[in-house]
Amino acid sequence: MSTESSAQNQPIASTGPAAVSVTGVGKVFASRKGADVTALEAVDLTIAPGEFVSLIGPSGCGKSTLLRLIADLDTPTSGSIEVFGKTARQARIDQAYGIAFQQAGLLPWRTVRANIELPLELHKVGKAERGARSSELLSLVGLADFADKYPDQLSGGMQQRVAIARSLAESPGLLLMDEPFGALDEMTRERMQTELVRICAETGAAVVFVTHSIPEAVFLSNRVVVMSPRPGRIRDVIAVDLGRAEGRGEGLREADSFFEAVVAVRESLHGEAAGAPAARGVDQR
Amino acid sequence: MTRTGSPLGRRVLLGVLGVVVLAAIWELYKALGPATGVVIGDLTVLPRTSDLAMPHVWDMVARLFRPVRSAGDDEMMWQAVLQASFFSLGVAAVGWFVGVVVGMVLAIFMQRFRTAESALLPWIVLSQTVPLIAIAPLVKRWGSQIEIGSFSWENWMSVALIASYLAFFPVSIGALRGLGSPDVNHVELMRTYSVGWWATLVRLRLPASVPYLLPALRLAAANAVIGTVVAEVSIGLRGGIGRMIVEYAAAAGGDPAKPWAPIFGAVLVGLLAAGVVALIGLALARYRRGETPA
Amino acid sequence: MKQSASLPRTILAPILLGVLAVALWQLAVVALEIKPFVLPSPVSIATEFSGSVSSVWAASLVTGANALIGLLIGAVVGIIAAIIATVLPITDELSAPLVAAASVIPIVALAPVFYTMFGADKETARQLVAALAVFIPVYLNTLRGLRQARPVHRDLMRAYGASAWQATRAVTLPGAVPFLFIGLRIASSLAVISALIGEYFGGPIGGLGKSITSAAASSNYSLAYAYVLGAIILGLVFYIVTLGLEKLVSPHRASASAP
């Protein structure tokens, strides 16, 4: 493990390989009754280092499946996935990415600090270094005062912030997030989004963000990938140009450019929702 | 659940009151019930109420503070009972420990290999239908064959072994369930850290199994005590509470309160064993925190 | 997380392991020339068992009857006590420490004094020991089940304007049934073992426990093990019947998990 960990500490090179490169990926889940379910079909997607990409679509469109394939939690039936030029499996072994799920997934018997240090501990990082890194992350997510609390003493939003800090522990060049704010109330959710934008700017990590909230996807992303179900495909990729991350404050949520992007994403999504069988022919692609 | 709401003092008070009520029922029946008991057909439905069959509660207690043999100048009954209780508790503790280790190893093995779970689990359940007394003489005879260098198998080890046979069962079942209890979420997180089975076991599965393990440990302690008491009788090990129960029962004719003394001892051993497990639970309190849903 | 195991694995694996173990046992006894007083071979036990089926059967009836009576009494009293404890919480608070204590003490230790109380020539003492052993898991699990009624279900009943008894019948009692059966499953094995061990502390002869010890005392080890086999089968029958009853009563429900 120690020989492999050097790669993740290198700064992200702007001209290096893509953060994520998905080529012709399909995923078929074998069902016991023999009726196989095609979760993904012919998906191509390239994500540049430092880029924030959201995957959005109705349930069953395979957005979470795609994320799980990138994380090497499942293997694609066809096609290939590369993360920083390595296979997904190698990327996982090299800890090239950090991950956060809808549930914070904190270990209830560990303090906030110990939870953040968990991946470092598992990869044999020294105690002093661990402490320094977790302190750094705690202040990054604004929980410095809660280091010695246990997860059950924290609110849902705080737990999710701990989970994000944990996913950043090993300074990964890629963050995979599966509806991390899905269980939070709207107020907390918006605050967390603002913080995530700031954190990503500070760490320079590329992000793949699964969500079913249009404003969330628009607010956070450089590009929004709209997916359609049965079988899961990429319907549309919408570039959102809302300026540099540093400039994205609360005011942005009321800006015209924000609304325009929201409308664009919504129309792309609705193309699917409005016309079930009939509209299939007039697919936008 | 609702009980945790009431303060400790109230619970202790009500517990004492419960014991008093039980003693009162005993005395009430003894005073009012027929001397020959209630017999329907050939079946004794309610016990005889003679002093021989049902000594007064205060006689049982007073008996503890008289010498073991009424006539002699032996040690006090309570001293003898206490001594035997601690002897049995020690043997039970060894049996409990061995049982816990075996149960844990089995559970980890079954968690690791699903085929092992399918193959072993029915037999583990079945093992508990094998009557204890049946194995007791067998274990003793096996033990007598063992003599390696200066080590020779002693009878108390046979008793502890039988205790462990009863103790391992709840541990293996509880631990198996506990090891399988972590969320998919947590297991996948470990996978994204690309750590192996062992690290997942130590960092995730074992800590997560604690809430399941503690009741199992308490059951194992109760089973170890039962196993010890019964095995002492059937192997014929002297010094413990089990042997004392049988010996003093024989003296019931002339000294009806005497058989009750070792029974109090058995109750004490059971409570002490449960108390020790409760202490373990306190030490592991950190692992009993539930995660509130985010 | 685990998918339900395939049929061959769940059925075949344990049978294979069992056959293998018995074969190894037979082989070890023959190859190592182990004396029957240490360990008789499975074949000799089986031979003895088939030779003395009638006496094993008779002994099983005696012990089985004691276990069954104990199981029925203990279960009925346990269920009634649990219902009373739910309706009148004070009885629960009074008895909680006693029940907690009873669950960790060796009930069989009471057998000798029961023989004095009910008569050493009667089976009552054994049935009572079995009943006491059964009472505790049945009472504790039923109580847990009765308290399990989910708030959402209770609110639903209120919203329907159901009476207390209707709510009890529609929600509380069905909810408690799986828990009752967890208790019964534990209790079924306990009943047999307690009835058997009770024999060891005195009382009339004829049961499996006494038969095992008397056969062992007269150095008839194969016969002793034939009785042991009888005891195992008796325990199994109790367990399987309880399990079958559970499946019969709640076929659509995944059995609730034990503590």
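Order of writing sets the labels: A, B and C. Residues in every chain begin at 1.
One rule holds for everything that comes next: a residue touches a chain if its C-beta (ideal position, glycine included) is under 8 Å from a C-beta of that chain, and two chains touch if they have at least 3 such contacts.
Since this is a predicted model, take the numbers as computed values, not measurements.
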{"item": "Fewest hops from chain A to chain C - one hop per pair of touching chains", "value": "2"}
{"item": "Between the pairs A-B and B-C, the one where more C-beta pairs touch", "value": "B-C"}
{"item": "Rounded Å distance between chain A and chain B, as computed from the means of their C-alpha atoms", "value": "52"}
{"item": "Averaged-CA centre spacing for the pair chain C and chain B, given as whole angstrom", "value": "17"}
{"item": "For chain A, residues contacting two or more additional chains", "value": "none"}
{"item": "In the complex with chain A, residue positions of chain B that touch it", "value": "183, 185-186, 188-189, 191-195, 199, 203-204, 207-208, 210, 286-294"}
{"item": "Footprint of chain B on chain A - complex, ascending", "value": "71-73, 92-93, 95, 97, 99, 101-109, 118-119, 121-123, 150-152, 156, 159-160, 183-184"}
{"item": "Chain B partner contacts - residues on chain C that touch it in the complex", "value": "1-2, 5, 9-10, 13-14, 16-18, 37-39, 89, 92-98, 100-101, 103-110, 112-119, 122, 124, 147, 189, 192-193, 196-197, 200-202, 208-209, 212-213, 216, 224-225, 227-228, 231-232, 234-236, 239, 257-259"}
{"item": "Contact footprint of chain C on chain B as seen in their complex", "value": "1-3, 6, 10-11, 14-15, 17-19, 21-22, 37, 42-45, 47-48, 52-54, 114-115, 117-123, 125-126, 128-134, 137-138, 141-142, 145, 173, 177, 180, 184, 187, 215, 218, 221-222, 225-226, 229-230, 233-234, 241-242, 245-246, 248-249, 252, 256, 259-260, 262-263, 266-267, 269-271, 273-274"}
